[in-house]
Amino acid sequence: MSEPLKETSFDQDGNRSDGRANDGLREIRFQNGIAPHATGSTLIEWGNTRVICAVTIEEAVPRWMKYQNVSGGWITAEYSMLPYSTLSRKQRDSSRGKQDGRSVEIQRLIGRSLRSAVDLEKLGARTAWIDCDVLQADGGTRTASITGAFVALALATNKLVTDGLVSESPLINEVAAVSVGVVEGKTLLDLRYVEDAAAAVDMNLVMTSKGEFIELQGTGEESTFTPDQLQEMLAYGKTGMDRLNEIQKTAIAQG
Amino acid sequence: MSEPLKETSFDQDGNRSDGRANDGLREIRFQNGIAPHATGSTLIEWGNTRVICAVTIEEAVPRWMKYQNVSGGWITAEYSMLPYSTLSRKQRDSSRGKQDGRSVEIQRLIGRSLRSAVDLEKLGARTAWIDCDVLQADGGTRTASITGAFVALALATNKLVTDGLVSESPLINEVAAVSVGVVEGKTLLDLRYVEDAAAAVDMNLVMTSKGEFIELQGTGEESTFTPDQLQEMLAYGKTGMDRLNEIQKTAIAQG
Amino acid sequence: MSEPLKETSFDQDGNRSDGRANDGLREIRFQNGIAPHATGSTLIEWGNTRVICAVTIEEAVPRWMKYQNVSGGWITAEYSMLPYSTLSRKQRDSSRGKQDGRSVEIQRLIGRSLRSAVDLEKLGARTAWIDCDVLQADGGTRTASITGAFVALALATNKLVTDGLVSESPLINEVAAVSVGVVEGKTLLDLRYVEDAAAAVDMNLVMTSKGEFIELQGTGEESTFTPDQLQEMLAYGKTGMDRLNEIQKTAIAQG
Amino acid sequence: MSEPLKETSFDQDGNRSDGRANDGLREIRFQNGIAPHATGSTLIEWGNTRVICAVTIEEAVPRWMKYQNVSGGWITAEYSMLPYSTLSRKQRDSSRGKQDGRSVEIQRLIGRSLRSAVDLEKLGARTAWIDCDVLQADGGTRTASITGAFVALALATNKLVTDGLVSESPLINEVAAVSVGVVEGKTLLDLRYVEDAAAAVDMNLVMTSKGEFIELQGTGEESTFTPDQLQEMLAYGKTGMDRLNEIQKTAIAQG
Amino acid sequence: MSEPLKETSFDQDGNRSDGRANDGLREIRFQNGIAPHATGSTLIEWGNTRVICAVTIEEAVPRWMKYQNVSGGWITAEYSMLPYSTLSRKQRDSSRGKQDGRSVEIQRLIGRSLRSAVDLEKLGARTAWIDCDVLQADGGTRTASITGAFVALALATNKLVTDGLVSESPLINEVAAVSVGVVEGKTLLDLRYVEDAAAAVDMNLVMTSKGEFIELQGTGEESTFTPDQLQEMLAYGKTGMDRLNEIQKTAIAQG
Amino acid sequence: MSEPLKETSFDQDGNRSDGRANDGLREIRFQNGIAPHATGSTLIEWGNTRVICAVTIEEAVPRWMKYQNVSGGWITAEYSMLPYSTLSRKQRDSSRGKQDGRSVEIQRLIGRSLRSAVDLEKLGARTAWIDCDVLQADGGTRTASITGAFVALALATNKLVTDGLVSESPLINEVAAVSVGVVEGKTLLDLRYVEDAAAAVDMNLVMTSKGEFIELQGTGEESTFTPDQLQEMLAYGKTGMDRLNEIQKTAIAQG
């Protein structure tokens, strides 16, 4: 019996082995209402990456806002990989007694990104808890979390409007995120796991539907990248972002 | 605008307010393969209670088995309520830095129950990790976890057989669980949240398809129950168990 | 020099090796006032199992009762095995940084059991802290803890009456606990360690002196039990319970 | 009804209110074998202070000894106040998730003190775990712990000799400890709680029966003391130590 | 007596209130050898921000490298703010029992950045621990940490060469970091605290002396930024970087 | 190439190998203002031991003082060894998740010692946080911490007077600390690491400039010491203390 061929990023003709164009996105679907007790929720399926995104609105603000006399509301995010989301089981944070550093970094990014989508004054004295739990990981869990969390947040704020708790939507930006990277010298949009593991450069873009940046994180892990590579990655990212905004709009419209 | 009527266990005629007979089960459905990276997984929907049950087989045994020179395999369970599973958001264990006592108690019950389903020698030097993550809680999360975990475990052990890792299935018992209780003097099968909160007695039964007991836990929180009530609860439990075994069989057969 | 014979549950005639009838209890003694700073305390010696049971009444209730506006008092339990209670030294919870799961499960059981003994309204806005510290473990530490804790609780509530802090005793049930099990096919009452380790089924009964159940926990660890075995275990348990109530009464009367 | 008189250190004639001479010890008793699973154990009752002292010999040494290639054995101590040992209940360390600083400091003192009693080479590749659990606290819990732990250690090492595990006793010093202090300008031996709380200076002496020092800790909390006061405290301490060595000898002889 | 004027970013003419050009750096000094037990160390003073940067070479690699059979060495970083580095005292992580999220995020950034400076194969089977402890914080502690850590790392690797432990320097890139931001619509290089607190956009650049990027992190906290603003920030960053490389070279040359 | 000679306490003539008299101190220097955000700070360099001592005055008192209705202020200390202060890198407490026992013991000593220097009533309702972070460790870190912390505290309280927050200095004692020990039978003042590691007895003295004791801690780790040795150590300590008070006065005068 022969060994299974190890999956690679490119086929022998130098094309992406899953058939996408270098600036192509994986297929993305939303299943809204996956967690009915949340104010808004969706299951984002982005290729083989699946993340439960739930937004729970609490009628209270964190203590530090009271102490510092800050008005308006707050948005905070928690990110976790379910233990069976990875190929070999990942130990729970609660068993380890603390979160791993990568999760801390990602949930801080999610929180900052979504706060940029909202007028916190209009949100009122409320906290929007954003929970992103990865059900299956195949690259891009942080960008899927942000993109899905925006849909869940939009569903939740629409509910606030419908329930008469706020007079108008506190949303001020439409937010999505996508990864871009350089693999074997080629710039690629939306890396799946096999590409991400081989990437010399990995960049995550969080942008608004108006084409403005919220967050930009490019990393050359044990590598570097040139200004020209940066510009090409920015261009690919813009392409992906335009498509993502469309998909989000459709998902939100379905309620 | 008038206050919404508070939900009660019984309607004005003394019938269960969701229309079930006193020994009736809620509707139960399985969605297998919810977490494809696990060896076996299912989403059990039991009325409004939803639990992700995933079984991951690891080719290793815990250290204590090596130290104590115990042969065969092991089964261990972890139970967690996702923060958006409850009506008001539940803080994550990883944020609190430790698991709450109730979760510890439940995951120990799940582990014991499923170990009774398996011949650990036939499992071989493997660990079956059972993860139960509650997506929505409406009473009976522990019985749904056990009932769903058995389905996921059967899917996982079937895969071991298919992949040629074991020569025959290590399953020796078909395991399911159901709750019974006493509410306003009436014995009820399969309590949903509103009934559970009003119950004077709450009993959880874990049984095999042959009608034998694996675990029996009856509790009169701030209350007591008589031997006659015990016998009636056991009878109701048996009724439910027979139905559950059928539903599980169907779900497992779908693969 | 020859190896010492390993202790077994039964002698060669099939009788219990410590000479007890199958439905016989070990010898039980109480040493009240072991911890004079507690409101009520006793050292229960149950065969070779010894547990310090102390009840401290605090003139305050937990925060959650205030938040939820619950009147009356509360009872909470903590259970710990002293490191020298076992044959090989057990690491302290405080060194491990957290309690082990078994202790969490047991102290929740103790708390529920004793709350059923008390009219929490009559206790007034007080917390009864129940501490059970195992000095020596030879099987049945949880049932000894509950049985001893009831004696300590009765001593403590008697003191509340004597000190004029409550007008009448808040006790409404007399509570005791005992184990029953199946070892090599025989039903046995009150398992000591060697029997417990060999048991196919282990059941703990918490009952009132009126013969009603507070808690019933039967477990077939890697095994199952039949409805007939369940009924026999219940009958043995009742026998033990009647004797325990007498012993407790005598101990409480000694003050 | 009149207020109970608050207890004071001295009566109106300036004598100690419990009738002792200024250089007098409280009554001390030992109850050996309180924890039979330990290798050696005793309950020391020193006035109203009671401490369970247990020594468990483990046939292994800590990892750091192996890494650093240190021969011989090790002695380590753990100290804990049981929650009901104080007038108002003290929260368990395991509930707090960590030991309090005072306990850490005391158990390090106990460990150092007892290591000076033993030839660690003669102990062999073993660890002596010393556990001191305070059952009732009325001042001097650390000196009672050391004095009682020495008795338990002597019982344990005698057992090693009897069992043929060591050819001769590894004990090289007889160790006891006592407190001395300055209260309202008077030097007092062996402070009980009411005296300790009023003391300007508090000194703990750990000495051998040959009159040599193992540890000397004098503290003027929010106060200072003169060289003359130091010399008087040392003299009082010597008086107490001679008496303690006698009491220990008698206790050890009883086995 | 009048209130002190609150410090602002700009004076009334719209110039930076500390007199710098918009693309000017604060004054930077290095005091090498601040921690002589480290393999290499420096105190970087960057305006009023001061960070102790120490690199300790350990002759061992992390366990995961052995398990995964990865050759070469490793670089890991820890970042901490000393409690007196901020205007109001910051609680120690060890008192809180865990690191705060911001510190976790920063130390991961420092580790990634410095790993890009080194050929890990040439480092050999060693770990370089990079410790950055902030003595005084006035904005830019992460960029000062990276810039100072590179100097400490160069000193440490030079020592490896001098001591004959490696045959040639494992350094492959010269690494520095600087912040750029947008304050009141103006792009500014190297933000001090007052500017950082007022910034709509904050970007950190980690680059090599060849003008390539290692890491790029731009954040619009509760704000966004345009592609044009991004390009201007990149240009300002390049200006700063060139100056930083010179200052580092001089500091390293001093040994 | 020959092995470097291992450093020893004494040269071949029996003199201290660093040339000091047996009752001589190492050279001591202070660098005030090392941490400008603290209310008072100094870097004490005591031979090769270096400790950052910072005092931060907070306009609040701990909660327990409010609960217990204690007037005046409070002083609390934290002690930590920076990871690069030792020859092999010491793991951070925050990575370990808790402080090690030695640090707990030392910081409690520092806190007690400095509280004796201050009239807490005159300090007013303030907390003085004393932070001692060891930059380099070569023996005597606890005595250097106390001696340096007093200088930092004097600078901080002088600032309180200058700023008009207190009408007169709350300082009532001038406090310093020094170690004495017995090495190879010789009494030595102020042990550096090589001497400390070889010492049979180690004593730390905390005294006032009036020659009174605040704290006295003598330890014979795996050893004992005689009354005569105690007296000689006390005499040497007094000699050191007189010199230390002079050095402190000079350092404080420099402001």
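We just call them A, B, C, D, E and F in the order they show up, numbering each chain from 1.
One rule holds in what follows: a contact is a pair of C-beta atoms (placed from the backbone, for glycine too) under 8 Å apart; a residue touches a chain by one contact, two chains touch by 3 or more.
Fair warning: this is a prediction, and the values are worked out from it, not measured in the lab.
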### Message
Counting hops between chains that touch, how far apart are chain A and chain C?
### Response
2
### Query
Farthest from chain B in C-alpha centre terms, which chain would that be?
F
### Query
Where chain A and chain B touch, do the two copies share over half of their residue numbers, giving same, or under half, giving different?
same
### Message
Nearest whole angstrom, what separates the Cα centre of chain B from the Cα centre of chain C?
### Response
27
### Task
Please report how many Å separate the Cα centroid of chain C from that of chain E, as a whole number.
59
### Message
So the centre of each chain is just the mean of its C-alpha atoms; given that, what is the distance between chain C and chain F in Å?
### Response
51
### For chain D, residues contacting two or more additional chains
97-98
### Query
Drawing the touching chains as a network, do you get a line, a ring, a star, a complete graph or other?
ring
### Query
Can you name the chains in ring order, beginning at chain E and moving first to chain F?
E, F, D, C, B, A
### Summary
The answer for chain A against chain B in the complex is residues 34-38, 41, 48, 52, 54, 56, 58, 78, 80, 82-89, 92-95, 97-99, 129, 131, 133, 135-137
### Message
Looking at the complex, which residues from chain F come into contact with chain D?
### Response
98, 101-102, 104-105, 107-108, 112, 115-116, 120, 173, 203, 208, 210-227, 230, 234
